[in-house]
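Common to both upcoming complexes is subunit A, partnered first by subunit B, then by subunit C.
Entry: the complex of A and B
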């Protein structure tokens, strides 16, 4: 693969006002590239694997920064850094699941500048695609990972459709578990998208990871108070503790009363192209105690329906074990 | 700051950044930026001032240029190393407003109104090494030395934020810096020594 020391020729805009950013995003459309911390951007550009004409840097827009309390929960601006989220008092006191997830992203330096919006909107990490090969996700008509000789240790066991890449974002699973809503703006106005519908799989859009369209900007994420102070469990298994994406991860939010589980959200990363909810397990957990018996009872539900590829069968026991650990009390 | 020195540095920076900067230097800013229309919408001006190690440096910066590139190839600050050039090694770590950043993955235009500290800015004016640098030497941390500037900046960033870290906190803070020679424990010992605790 050609790798270059320098960035390619690309324009840079640093608007201070949201309206200017929206206008720029509209003007450039598919040729525009929204810039948060840039940590999932510069690799694409240096490798000459993506070719935007202009970067639209959101960091100068104050209104997009910070964690605010709202009528029902909190609202986090899209350019709030992961560092700010990890250190935020309210997040730690009430929505610790998000702080735990953000704390496991990449490395300290990447968390220092990487934004929530960028983390949620980041592209797939399939190495064939990242190399700039013309696979389905890049608009071509072959999947290199799901071929007889394809290396697919990191790939999906659920929900594949031609493309078998997985959702790489650590905060995405926390957002789905917390029933968050994404605030998406364009020159035409604002739309609210529930986290579960924000992330899309290859059957819906094979070249995109989210339901955002060219010209749209994710401005904020709203987390309702539904799960504030609930019992949380987050664990990410990766080959290395730093700079590495989840092989399998789990984000769980559970209402627990006197040791008995009520409503719950159990969401896994690294196993499907979108955050993957374990709905059967959620149903089965209702009314059960947090205990080893419950763990044994629900664990097999985690991998039910999975379709492993040549090299990723190991994800099934991993998935079951993470669910066990989340509910064993 | 010595005004003569800063003036010389200014001239050096303009020369180092090539003829394009020299011709733009005398132009109205809107012209230098290209289209005036873009400037109003947030288009960037190439000729900019940077605050590097407490000194203001004027330099001509391409819109897409990374901070590591500007530091090394335009300002001659080659203490900042480029290892991977893609956020995976930490050799290029510098502080931006006291926070560790990978300069290979930071646009120079994004640090315009902020303070950048590189390894060159650590020692005192009389040449006395920063406590972190001295502690690294005392603990025999640098082996080949390539990762050392990055390790030093990550360590200084930690101690600015938390002057008395536990060893585990120090390990976390330096976890974004690879050392191909494997001198991790020596670097950690150095951080703990610089923090005043026992290594």
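Entry: the complex of A and C
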């Protein structure tokens, strides 16, 4: 077991310009670690479970901070803190879903320093993985959580492929519901990735949570005006209300006209390795009114196709109930 | 360079994790070096007169055997692409395609084993002591298959069985439409299965490179043609095979 009494040997870089950050990310590749608020990072370092050679701190780059209006919606810099998002007038007025989601991330102290980019690209919270065991996600060949003795109460009920860890990000489900686009930069240029494709499951890449490649930096998130002012619903159920990851959460954006639902995007967290869209429910809701009857009608669709593990069957009724609450009148 | 990689299991004991994929470049570079040297050597030799592909034709491979060969080839390529590409950083949802191709390969191999046991001349592919004389006597012509072809077949057969058996065991560890994933194996046993699967895969990559090269060499190209169309000419038969050891009776 590694010594815990000193900081690991990591080179810290604090670029003030984006070009410098990109050059550093390119130079260090897999050995580089992009640092936002550090709320995911420092746990890894403290536990000696990850060993980056260099840390590239983005907090000194002003261009990556703040919420800006654009021709079609808003753009939020990746190192904008969650607190800044929660308090931003535009976000609250037009994209309240994001403010609600950001407001449920961890604790006030963490939201003060935690960044949007960090929250979106944080690693899985499966404790077997975080403990440093060589599970599938850590490049090994076994899933400790999905074993007869495995403790998997918080793990996936959808989309597991060998690894059963879930996406822990509260803002991720809001971004998918708002049909956001991730701006990913590298020395080779800029890549725009729809939020839904930004998050990757273990079937595609078992050791990563996002589609970002070594040398790339998430610089901003663009939210289109498509869902501005829509009807939003966000709810997160966790063991501790003050500070915990979601057991199940829901982010819903619905176009409602005279009580009738048009298009909708309903996304759940804590149930799959990526933000999980309830597509069947979205289709079923089209043309229906916001009512208890509609809620009862669509609720069973939420858990359709779920494959619970030994200890997380409770997530299915929880998921159905959250969908009920999202669409009732 | 390591052959295997290791990890600590949940109890902190060191166990096998699998093959070291750093060997991948080796199994690609070494065959290509061999291919380059062989091509230079062959180019420097005096060319033999190429037998005519015209005239009477004799059957070398039945249609069903050709179909087996190409089904196996296709499934192996799919397996290699889906198995190796994610390791070298080309990521896609590979697992389902991989096991489906694995089932196709398994069924093809089972079919081939049954057919060769009951409907084909098994001895024509078996390495007999008399075949070894081909090593010292270059004028000695082979029967239906040369010693090199028999050696390649035997090696590929062993590796393919190794990759199939280890693959089927690993198959039980994932979700399929027929069963939910199992955790029945210990970490050490699982590591051994991954190791055998990986070693066989690496060896097959090297052998496939050589197989394709020899299949495309000008003097061997008629064998590849026969694997597509089924026939070789009487001239090609006479130039490359001993009629006492292989006398095909089926004309095409």
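Heads up, the rule we're going with is that the second predicted complex is superposed on the first by the 324 of 329 C-alpha atoms of A that agree within 3 Å, B and C clash if a C-alpha of one lies under 4 Å from a C-alpha of the other, contacts with A are read in each partner's own complex, and residues count from 1 in each chain.
Heads up, the rule we're going with is that a residue touches a chain if its C-beta (ideal position, glycine included) is under 8 Å from a C-beta of that chain, and two chains touch if they have at least 3 such contacts.
Bear in mind that the values here come from a model prediction, so they are computed numbers and not experimental data.
Asks: Using the superposition on subunit A, tell me whether subunit B and subunit C clash or fit.
Replies: Fit: subunit B and subunit C sit side by side once superposed on subunit A.
Asks: Please work out whether A:83 is in contact with subunit B alone, subunit C alone, both, or neither, and reply first, second, both or neither.
Replies: The first partner, subunit B, only.
Asks: With both complexes overlaid on chain A, does A:227 touch subunit B (first), subunit C (second), both or neither?
Replies: In the superposed model, A:227 contacts neither subunit B nor subunit C.
Asks: Look at A:9 in the shared chain and tell me whether it touches subunit B only, subunit C only, both, or neither; answer first, second, both or neither.
Replies: Touch status of A:9: first partner only.
Asks: Name the contact category of A:241: first (subunit B only), second (subunit C only), both, or neither.
Replies: first
Asks: Contacts for A:110 in the overlay, against subunit B (first) and subunit C (second): which applies, first, second, both or neither?
Replies: Only subunit B; A:110 stays clear of subunit C.
Asks: Which one hits more subunit A residues, subunit B or subunit C?
Replies: Comparing touch counts on subunit A for subunit B and subunit C gives B.
Asks: Thinking of the overlay built on chain A, is A:59 touched by subunit B (first), by subunit C (second), by both, or by neither?
Replies: A:59 contacts subunit B only, not subunit C.
Asks: Contact-wise, after the overlay, does A:28 reach subunit B, subunit C, both or neither (first, second, both, neither)?
Replies: Touch partners of A:28: none, neither subunit B nor subunit C.
Asks: With the two structures placed on a shared chain A, what shortest C-alpha distance in Å links subunit B and subunit C?
Replies: 24
Asks: Could you pull out which subunit B residues touch subunit A in their complex?
Replies: Listed in rising order, the residues of subunit B that touch subunit A are 38, 41-44, 62-66, 69, 82, 85-88, 90, 93, 99-102, 104-107, 109-110, 154, 172-173, 175-176.
Asks: Which part of subunit A faces subunit B closely enough to touch in the complex?
Replies: 5-16, 20-21, 23-24, 38-39, 42-43, 45-46, 55, 57, 59-60, 83, 106-110, 112-113, 241-243
Asks: Inside the complex, what are the residues of subunit C that reach subunit A?
Replies: 7-10, 17-18, 86, 91-96, 173-175, 180-181, 183, 187, 190-191, 194
Asks: For subunit A, which residues are in contact with subunit C within the complex?
Replies: Touch list, subunit A to subunit C: 133-134, 140-144, 146-148, 150, 160-162, 200-201, 203-205, 307.
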